[in-house]
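You will see subunit A twice below: alongside subunit B first, and alongside subunit C after that.
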Partner chain A sequence: MRVFKILALFMAIALLLISSPDFISAQDEDAEYDDAAYEALLEKGKEYYNARCEACHGADGDGKGFVDIIRVSEKNGRVLEIYPRDFTVGVYKFRSTATGCLPDDKDLMGTVKRGITKSLMPPQDNISSEETEAVVEYVKSFSERYEEEDPCDQISVADPPVWVASEKSIEKGKKIYKDMKCWECHGDLGKGDGPKSNDITDDWGKRLLPFNFVTGELKRGSTAENVYMTFTAGLDGTGMPSYQDTLNEEDRWHLVSYTLKLMGLTESDKKTASH
Partner chain B sequence: MHSRFYLSLLLISSLVLMMFIGMGVYREMTSEWKTYQTEYKNMLVRNAEDDAARKRAEKLEIGLRQNYVASLNKSDRCMSCHIGVENPYMAKADQPFTLHSGDYIENHPVDKFGCTICHYGQGRATNKKEAHGKGHTHWDYPIIPTKYIQSACAKCHDYKMLQEEGAELVVKGEKLFREKGCRGCHKLNGVGGDLGKALDGIGSKPRAYYAMKHVVGEHTAYNWIKQHFDDPRAIVPTSEMRVFMEEDESDLLTTYIFSIREEEMPSKYRFLKNIVTPPRDGESLYKMFCVACHGSGKISVYDEIFDRTIPAITNPPFLRSADNKTIKNIVMEGRGGTQMTSWKTTASGLKEEDVDKIVEYVASSRTYERPEPFNYLEFQTNIDSGMRLYNNRCSYCHGKEGKGGNRQLGINLKNSTVQQVLDPEFLALTIRDGREGTPMPSFGGDGLGLSDQNIADVVAYVKTFGKKK
Partner chain C sequence: MKKLVFLALVLSLFIVDTSDARKKKKKYEVIDVTNGGSITGTIKAASKVDDPVMKIETKKPDEVEFCGTEFQSNMYIISPDLGVKNVVVALLKVKQGKAMPEKDYVINNLKCQFEPLVGLAFKGNNFVIKNSDALFHNTNLGIQLKGGKKRAVYNLALPNLNQVLKKKIKTKGVHSIKCDAHPWMRAYVYSSDSPYAALTDDSGKFEITDIPAGTYKVLIWHEGFGEVKQEITVEAGQATTLDHTFSK
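Take a look at the complex of A and B:
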């Protein structure tokens, strides 16, 4: 009986020790295990990055790869100069988070997978979700921002209201386009030729040309939701601000309608195009 | 019964006939030219300075005026309305009475030249609409808008005279035509590229030659050409024409285009004392045939019209690895599967000596720096390893099949020029050293870290694209 009592006591002490938050050595082991997994992930990401991304974004993620500037001549002869993103700064255009925030991992993964074909960033068709995660983790590791900040919550986008791209909504959007001075950069007809279009630089002083809607193709994808997200989240680092605080949701959707019209993507545009 | 029916039928049809005759007479009496001539006559009488002049004016016969020029086979009735065209007193009068502008009429008297030989329009017509041939009159050669009228001068005059004696617009247009590289795609007199239509006699094409669907305003050849210069894809949605206009350039070029005509003037009308042949040095030839796509050739651009990269060809990094023979080979063979057509004499009409001049010009900014040689033949190549490397490192720009374009930055590798004409050493050098000024990165040891063996493997794999699988 006594032996049992002593055993029980030991057991109780052991249980106490294990369950106590001060059971430091065990926690250390856990963290070490995580670190190793993270390192392995980074290593995998680096391998993929060096094969597929380094040529443009540079070995150090500073956007200074061997490919250098990519020039795209639009159909109207306007030449865009595209600089690969500098990952060390940690500022991204295509986010689903509020302006000034780090992007959500899903945003980065989406961009990696989809590519940005309009800027000649190739899509990665055969990338596995594991590889995507790894390469995104590796890309994040270039910027100190990720050590200092946590990503914000994603902005949720409801399904577009049924009246989006309707005539009435387009009219309202047109007025907002005028009142909010979108035309100053994007021009009256959305051709990217507004009066200020030649004086815009990005946050790093490189010349930017405002988007030409007539091309009908947005870099992040051309659905109503994508356009809405651009108005809501803004394109950080460029001259395109967020309208989350300056326009209410309804007005942003009206603006989406007008933008789709300028892009030639409304239902009636598609009908005339097929004729 | 029957006779009454026929009687009334006769009566009614006679009335209808009378009505038609009446209408004809009325139209003749009130025809445009008659109204104008009466007005002109009254003007002369009113403004006569003395009795003799008034008497002369009162004697002015009102009637259709026709001017027949046998040697040009033109009979023009324009002066039936434009009756004051040779009358110096009409300098300030309104149309249609006004004196012809400038001193053209002194050197081109109406009785020797007529009107339509320069202005076009329908000379025999007797009303404005049909004479000017505008709108839906189905006349193929409507009157030329004044801003393009100098195109007519070039039918008879040499360019030196045009420049010096008041037809400088068509001279500027011709210069633009050469310097914008129009013949890179369009043949003229059998010399030029193949992407666009040949331009021989383009200024004499009938209306039916043009698809007018998207032309804004009047459906004339003039509007088609002008609007097509301003925005080719607004007029022909599938057009690949790569031309970007500044200010009045499209007007100048339109003027020149309408001077390229089929009809030849009788020799006594022609005034070709000082035929100036345009310069044919390397730079001029480069502009004429290459500049529309390659521009200065210093930088590469991905072109959204061609949907592929147009490579830099005059930048020193390209010239370092490509010797003149390689460049000439590329020019002569073209690049299949791309917009770069062959410039052999049989394909382009361009003489080989001209190609040599172009190559020399392209190579003129070559520096003496030579690349470290790449002895391709020393390597035992492994195509499988090359394929793995290619798929991992090259395919996302050049495509799995090496076709490039279509939103991929890389150029087309799957054509006979790359496959058969270019040396493997040249390809290996390009991969190893990359091309500064273009998106092609350096994959060698100092760049993205491939070994020479790796590079040789990739070249060996790329060289299999030409083989049928």
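Take a look at the complex of A and C:
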């Protein structure tokens, strides 16, 4: 009888393992890397890339297309110099993964579809999901990093707490903004003009200007979740570090409140604006 | 019935094994190294090189006083008989050998400089990143790639005094470290995926021990002189000499 129990236990373990997500994903991944299907996807991605992306990002994905530097002026006269992303390094700013991690495919697909405001990277309104997947796969193929590393898990973001952007939370966020030294780069009033604002370079050695909150437009999209993800994941390749280990979740949401206030995006700001 | 139990056991083990196999395929294997060989040598400079003095420029008044206005870069620490300090000598793509050192690597932000300037870390341990200044520092660490490019590994915020963060050492190779708030701050860490890596001392000497006999590719790297790679054959129980002279 005991033998039966042991047998049943092993069968149960075996069944559990077969049906575990890990095992299934291992099988799926084999399916994904079916060579012929992958090559066909890359081919499709290449076609789209050459038509819509190459002009800026270059035929080799190194960001050296013929468009070169893009200059964008802000209302206050500040001029941002923007360089198309160099895909060969495999580093991305707009991730939902921890600092130093490859982005999730969904992050890249989101950027392709949404475009990047203030950078002249246009949204791809009419792109099909199959085309998005193909062009993302092609973009990934420019970097060896994808052969060496797997993407990390996405950072889970709960819905913003109800108190985000409340007066009290904005006050707390203001203190955190001061204590975390956000102002050293972004300035006391969030205009991107702090004492360090002229000293920052990216990992390609190009000068970077800190985000000017007053423009009201965050490159990855100006929702509370996107602001939260920017503090949490950091913007790899730039001077913006990750605060995932530095601030707890609650404090990060308070900082979101203050950021939204600086950006003029809280409910009371909107009411004032409409009057 | 016993056979069936055994079969189920074997089957379940097999399943566990296949699901893990993909992730572990390239891992370094620890073996007993008996009668291993060693590599010793001296890394020299062809001639004396002046160590540059670097400037500190900051617009924050409290930093001008605390950080100073210039510092000795310590890029070229060269002994009277031309031995070069802080050169990394590392065997590459070693598949098996002695156990990896269990030692965390401390990166200290101290008086507006990183401490140490150059060091060795071993994969699987942790980076322990510390802020010993009452200033905002961020530790932006990345792998140096071909063509002077860099790939971010961690960019961490340490806004306050005595903040300490611990992060897994998960990448290998020469990493550079910068602080975006203090552009003059710099450091390098070589992260090794085998225990066979060394750093030259004040007289430019190094030693790597307990190496299984065989032919290896070796990297010799220095911040200012750059890097060279060459092959070296290690014989069982023998000390092999590896000297190199850098010229600028």
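Basically, the second predicted complex is superposed on the first by the 242 of 275 C-alpha atoms of A that agree within 3 Å, B and C clash if a C-alpha of one lies under 4 Å from a C-alpha of the other, contacts with A are read in each partner's own complex, and residues count from 1 in each chain.
The rule is short, and it goes like this: a contact is a pair of C-beta atoms (placed from the backbone, for glycine too) under 8 Å apart; a residue touches a chain by one contact, two chains touch by 3 or more.
Predicted model, so just to flag it, every value in this text is computed and none were measured.
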Inset, instruction - Could you tell me if A:Thr117 is touching subunit B, subunit C, both of them or neither one (first, second, both, neither)? - result: first
Inset, instruction - Spot which of subunit B and subunit C makes contact with more residues of subunit A, would you? - result: C
Inset, instruction - Quick one: classify A:Asn76 as touching subunit B (first), subunit C (second), both or neither. - result: first
Inset, instruction - Figure out whether A:Ser128 sits in contact with subunit B (first) or subunit C (second), or with both, or with neither. - result: neither
Inset, instruction - Examine A:Phe66 and indicate which partner it touches, taking first as subunit B and second as subunit C; both and neither are also allowed. - result: first
Inset, instruction - For A:Asn248, decide between first (touching subunit B), second (touching subunit C), both and neither. - result: neither
Legend entry - Partner chain(s) touched by A:Ser268 [first = subunit B, second = subunit C, both, neither]: neither
Legend entry - In the complex, subunit A residues that touch subunit B: 50-52, 54-55, 65-68, 70-77, 79, 117, 120, 122, 124, 215
Legend entry - Parts of subunit B lying in touch with subunit A, wherever the complex brings them together: 231, 233, 244, 299-305, 310, 392-393, 396-397, 407-409, 434, 436, 439-442, 447-448
Legend entry - Contacting residues of subunit C [partner subunit A, same complex]: 1-2, 4-5, 8-9, 11-12, 15-16, 18-19, 22, 57-60, 136, 138-140, 142, 145, 148-160, 163, 165, 167, 170-171, 180-181, 183
Legend entry - subunit C contact footprint on subunit A (complex, rising order): 3-4, 6-7, 10-11, 13-14, 17-18, 20, 22-23, 26, 29, 86, 88-91, 99-100, 145, 179-181, 184-185, 195-196, 198-201, 203-205, 234-243, 245-246
